[in-house]
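Consider the two complexes below, in which subunit A is the common component and subunit B and subunit C are the respective partners.
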Partner chain A sequence: MDALSSLIDGFGVLGDPMNIMYMFIGITLGVLIGVLPGLGGANGVAILLPLTFSMSPTSAIIMLSCIYWGALFGGAITSILFNIPGEPWSVATTFDGYPMAQQGRAGEALTGAFTSSFFGALIAVVILTFLAPLVADFALEFGPAELFAVQLLTFCSFVGMGKEPPFKIIASMMFGFALAAVGQDPTTGQLRMTFGWYELLRGFDFLIAVIGLFGIGEILLTMEEGLAFKGKTAKINPRIVLQTWAKLPKYWVTALRGSIVGCWMGITPGGATPASFMSYGLAKRMSKRGPNFGKGELEGVVAPETAAHAAGTSALLPMLTLGIPGSPTAAVLLGGLLIWGLQPGPLLFIEQPEFVWGLIASMYIGNVAGLIVVLTTVPLFAAILRIPFSIIAPVIVVICAVGAYTVNNALLDMSFMLVFGVIGYVFKKMNYPLAPLVLALVLGDMAESNFRNAMILSDGSLSIFWSNGLVGSICGLALVMLLWPVFSAGLRRLRGTTSQLPAQ
Partner chain B sequence: MQDQENTKDGLVSNRSVDIVVALILAGIGVLVIVDSLRLGAGWAEDGPQSGYFPFYIGLAIILASFGTIAVTLFGRNRTRGIFVERGQLLHVLKVLIPTVIFVALVGFIGIYVASAFFIGGSMRWLGKFRWRIVVAVSVAVPFALFLLFEIWFLVPLPKGPLEDFLGY
Partner chain C sequence: MSRKPKSALLASAALIAGAFGFGLVSASEAQAEWKPTKTVEFIVPAGTGGGADQMARMIQGIVQKHGLMEQSLVVVNKGGGSGGEGFLDIKDSEGNPHKIIITLSSLFTTPLATGIPFNWEDATPVAMLALDEFVLWVNAESPYKTAKEYVEAAKAGGGSFVMAGTGSKQEDQIITVGLEQATGAKFKYIAEKGGGDVAKALVGNHATSTVNNPIEQVSFWRAGQTRPLCVFDNERIKLTEKVTADMAWSDIPTCRESGVDIDYLMLRGIFMPADVPEDAVAYYIDLFQKVRETPEWQEFMAKGAFNTSFMTGDEFRSWLQKAADTHEDLMTKAGFISG
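Up next, the complex of A and B:
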């Protein structure tokens, strides 16, 4: 019951009224970010990160993680009212959410979505509370070889669980590693891949990449569809909320399944987006209301929302305990920790218990606060979406540019942001995943130094990666993940069936 | 989108973009390898040299890119469809080109004035708003940014002649 008493200490950190205020500011900003196209959890947090450098790390991470929860809630609003997913993980929410809105049941769909998000997050936080200290304890024994093996597993999981073509996942990931290597080699101090260009000395900042890839890239993609936003109006009042809440308990199996799928996909870096699709697909196949899915079935909103929010929340578990983020937004938060001088990983739980448990406690309260904020402010945010895109688009570009500049106070970074924006646009269109690129860019230096240290220990022999049972089984699992597309293609051919995954 | 019906001619096929992107990535892989070899991708007395890790990264990029090209050309699920339609490309360029100009201007006239022009220009050109609304929004947004960054958070942003003239 160590976890419980630590958690109670964590709630003590939240006794500071400033932290509660930051929490509400974060949630509101997060919903706004989740609603606006081109501003998502990852780049929203990236843009606001420099503003938090003057705060204490605990307050800063509470605010930033609340932005993340807010963005997770906010994505559902645009999906249901406008049939435009504000975030990739709310694509599956449009399948049943928008038909419900067309039938005049927008309030019911929104309440269902928010409540299931809350449920998914709550399950994930409970799991995180009790699992994180155990994982951290276990990881204390890790040496460089084990750490590299876990990182290898992270990256191989992208290949095994991604829905993009495996070669493209690998290419995108390796591109991220290559970008991470640019600049000064942290071990020898030599300059790598700068080609005599002095500005590249610092290397590519992943915050700039995130703002460009997700922000500018998303704006360009949205522009393609033209400028029109045609939305349904949202009427949400206490009566609808209560009526929907009365209906929700009968979907508890779907909600629980969604949460478990989400937690699994969040801890292993599958991410919120595949989790939401998987949960929707499972619910459609297993529920007796399955045939109604796609026509406006509340259960079809519950399934993806619980999974997305559970995945988004549990992505913080590997970030805190192992220093490996489970999602791009968790990667940005990790970057923030490093900037504040906190080294994520097992030692964080010993050296900075106040920080860790303050953050975990804030997840409980933050999600309650989030539920209240979204249920009461939906009409306001829906109104923001009626502002014409010809105003929204340039304003978001300006915000992205400001965010890119403030990272290092460098004008050149704005140009890099633009280049990353075009890369993001082309990659999205050509089905190259962006998450592995960002994670590789964040973890590149860390993975490399672990690999080098392991090599030094073993005098350059790769055999260190199967020198004991632990590291061997992690590496083995990683190889299985890496080769999974080959296995599954072989299995499919044996069975003679075509892919059963719903086409996206 | 109704207005795109008559402009639905594709410009480039997905397949050719797929190959071009893969070739560019492979080119980056070659660059990485060349630079790694320059630094030494082997083993020094005190451990791996600087190019040791990136060398294999470069190799992996090249292999993955050729994999993509092979799948694109010969795979069972060959890439089909068009990359972008003329109408879509026009929409994208209408934001991309002003953004490039905006970023270029920031260095000369500061971010506040540049964003006023950028927001105002987009509203007038894309949104066909009346001048009164255009001026109101394009002045209000940079002003709000100014308050937020320079005054509340004390984060200096790039400034130009106008801010000098106003004595800030």
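Up next, the complex of A and C:
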């Protein structure tokens, strides 16, 4: 109703030059955090949280949330340049971003990724501004059965997505589930598959796997192929930003779809990582350029980036109105709110309007600031690819190792990272896709505990998955997605095209 | 092992000092002379964002803001296996005075439920910082006004009532089985990831009740979406300031008052590895006393409706022994002990 006037008051809060300064500091730190794999947004925010106690809560959350935006932007950089996702939600960005960089189009990919991120965030903030109360009620509808249905949908939409044979996709996914099961059983609290080795009780962290599978695996592969980056010929042209912008408008459907998927996943809360995968999968299926996905298609960068950033932004809504964090970083921000004496919940919007609207206004300006910061660095980052591989490779390995260590402060994780690197290399050589493994490792735990909770609620009856319209329609959609390969295989046969080798 | 000779040495040093007429140096002042010589690691046996993590980062912020330590204090999360990772780290750091850990009930429950080789006596207790309260909550649309009514309805429901809680075989589930054992009612327990998810399950009617900490539910209570029935403490919460239009924390009856014979409080305490010098323990006790005196800490305690008991030394040890026995008893009866 009076959201607009509240928002204008919010911009007033930002008039304080100190707040603008905190915003730029936050964005810059965030981009750095996003670039370094392992040091995720959650860790970054957690480390800086105690430093903010001397600020006002509004300034503090503006700075911390800007770190978060920065990390969302920054995660794409290493994904595109080196095939190493800096953050979990940038895994899907590697699928097309890295091939683009190899073709010497790194600048285009980076510009596309940043601009898409910005677009996704913008859509999410607009929804946040005008629909917050409605959306909060929608999130309440999601119990264990509904959440499992969302996860099922993510898995199912993935099975038919790759160009690899479905068997290989499922094998890779099952390997991911097996790894996700190591550690602690979420429902009974008992240890499993640790074989009496207590180092395993924290399970396999998804970030370690990603750093190893993608980062180290890629280095091994490049070494075999002759110690050269294919992107070496990258042209450094500051005008690349404008040239890319001219191309982007034709992907508006994909961008809009990605933003909607992202908002939905952020609010439910499913998280930015599944959102980016789902958006990529949908785009691949629905776009007429779908068959080119995985070979360096700009649209394949737009899809996951819009979704990831929209999800990351809208994840703050359930945090503010319900006190449930939609992402690990939101969980830390939530802790910050409590420490500053702000109580997230249905009354926060009424009792702390200055704080809430200041934060929302900062999302608008913070994302504009973020876009400016990252776009100016595009030529700089693209230039990294011109450094000879023999110099940059050891640097990447060190960054990967430090990142793997940072996740849990455990030396053993660095060994796991190397093992994952070898697995990643073997997978690529044998043409098994890595993404389903990663997806299963991210969502496996959550899907399992939601499924088992749903079973406890229904006394073991599967009928809970069509017990109401919401859960029934999500499950139905999931089945359609699962059976899609059958249709598309039929179509492909009709068109007479042979299946192609996937790009790395 | 090195503890005795060292304190004997200190005592004799004090004696000698006394003999030479500088007798003003008391033994305790001499003990307080240990100081960290490098960064102190503050382990949180839980993930980022949870209650223990918030408290640790609050303490880190207070220490920094008031300059209570010369060296820095760094929070490190080791939450794997319900905190087992953090506890094993403390066990392996024998004699290291630059490591402290904040504990919650998982200090007792995790080793019992998972079988990891750790016992609270493998660490050195420093101080009890506070106790966390638990409250029985129902959705405000439900007809139950007292704990007694709710438990009777749950009994009549024959196991169809759903209790949502944080984690598995941890405090929330222990309270649930305690409630079952005390009343004969049966609940379906669903394990959620964090207190916020638990609160949401209740507001969204995916659960019939929860035992959330005050801070996890207060905003929904104030918004009229949930209702507190009783507090699992042997006395009422002391905060008399109105939280909703007509109720303060102190207006919530204890569960015993409402005829439900159970209480449970969760330890928020500080431990160190085994075999650390006694003067190092004294240093940290002194540090946390200073933290407790800051206005930030007191406000934090009031916001979360904590029980602000503080204990150290033998008093703390005997409290711990009793709490360990209670947990073992409850978990044995519930069949939660890992084979």
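Structural remarks
FYI, the second predicted complex is superposed on the first by the 270 of 504 C-alpha atoms of A that agree within 3 Å, B and C clash if a C-alpha of one lies under 4 Å from a C-alpha of the other, contacts with A are read in each partner's own complex, and residues count from 1 in each chain.
The working rule: a residue touches a chain if its C-beta (ideal position, glycine included) is under 8 Å from a C-beta of that chain, and two chains touch if they have at least 3 such contacts.
Computed from a prediction, not measured in an experiment: that's the story for all the values here.
In the superposed model, A:143 makes contact with subunit C only, not with subunit B.
Contacts of A:419 after superposition: neither subunit B nor subunit C is touched.
In the superposition on chain A, A:18 contacts neither subunit B nor subunit C. Residue contacts after overlaying the shared chain place A:462 against neither subunit B nor subunit C.
Once the two complexes are laid over each other on the shared chain, residue contacts for A:46 go to subunit C alone; subunit B is not touched. When both complexes are overlaid on chain A, the residue A:193 reaches subunit B alone and has no touch with subunit C. In the superposed model, A:346 makes contact with subunit C only, not with subunit B.
In the superposition on chain A, contact of A:216 is made with subunit B only, not with subunit C. Look at A:325: by the touch rule set out above, it reaches subunit C but stays clear of subunit B.
Subunit A uses residues 50-51, 54, 185, 187-188, 190, 409, 456 to touch subunit B in one structure and subunit C in the other. Residues of subunit B that touch subunit A in their complex: 1, 3-4, 14, 17-18, 21-22, 25, 28-29, 31-32, 35-36, 39, 43, 46-54, 57-58, 60-61, 63-65, 67-68, 71, 83-84, 88, 91-92, 94-96, 98-100, 102-103, 106-107, 111, 115, 118-119, 121-123, 126-127, 129, 137, 141-142, 145, 149, 153, 155-158. Interface of subunit C with subunit A (complex): residues 47-50, 53-54, 57-58, 60-62, 64-65, 75-82, 84-85, 88, 113-117, 162, 167-170, 188-197, 199-201, 203-204, 206, 215-216, 218-220, 222-223, 225, 296, 299-300, 303-304, 336, 338. Interface residues of subunit A facing subunit B in the complex, by the touch rule stated above, are 50-51, 54, 165-168, 170-171, 174-175, 177-178, 181, 185, 187-188, 190, 192-193, 195, 216, 219-220, 223-228, 388, 390-391, 393-395, 397-398, 401-402, 405-406, 409, 411, 414-415, 417-418, 421-422, 425-427, 429-430, 432, 448, 451-452, 455-456, 460. Contact residues on subunit A toward subunit C in their complex (touch as defined above): 42-43, 46, 49-51, 53-54, 139-144, 183-191, 198, 201-203, 318, 322-325, 328, 331-332, 334-335, 338-339, 341, 343-348, 408-409, 449, 453, 456-457.
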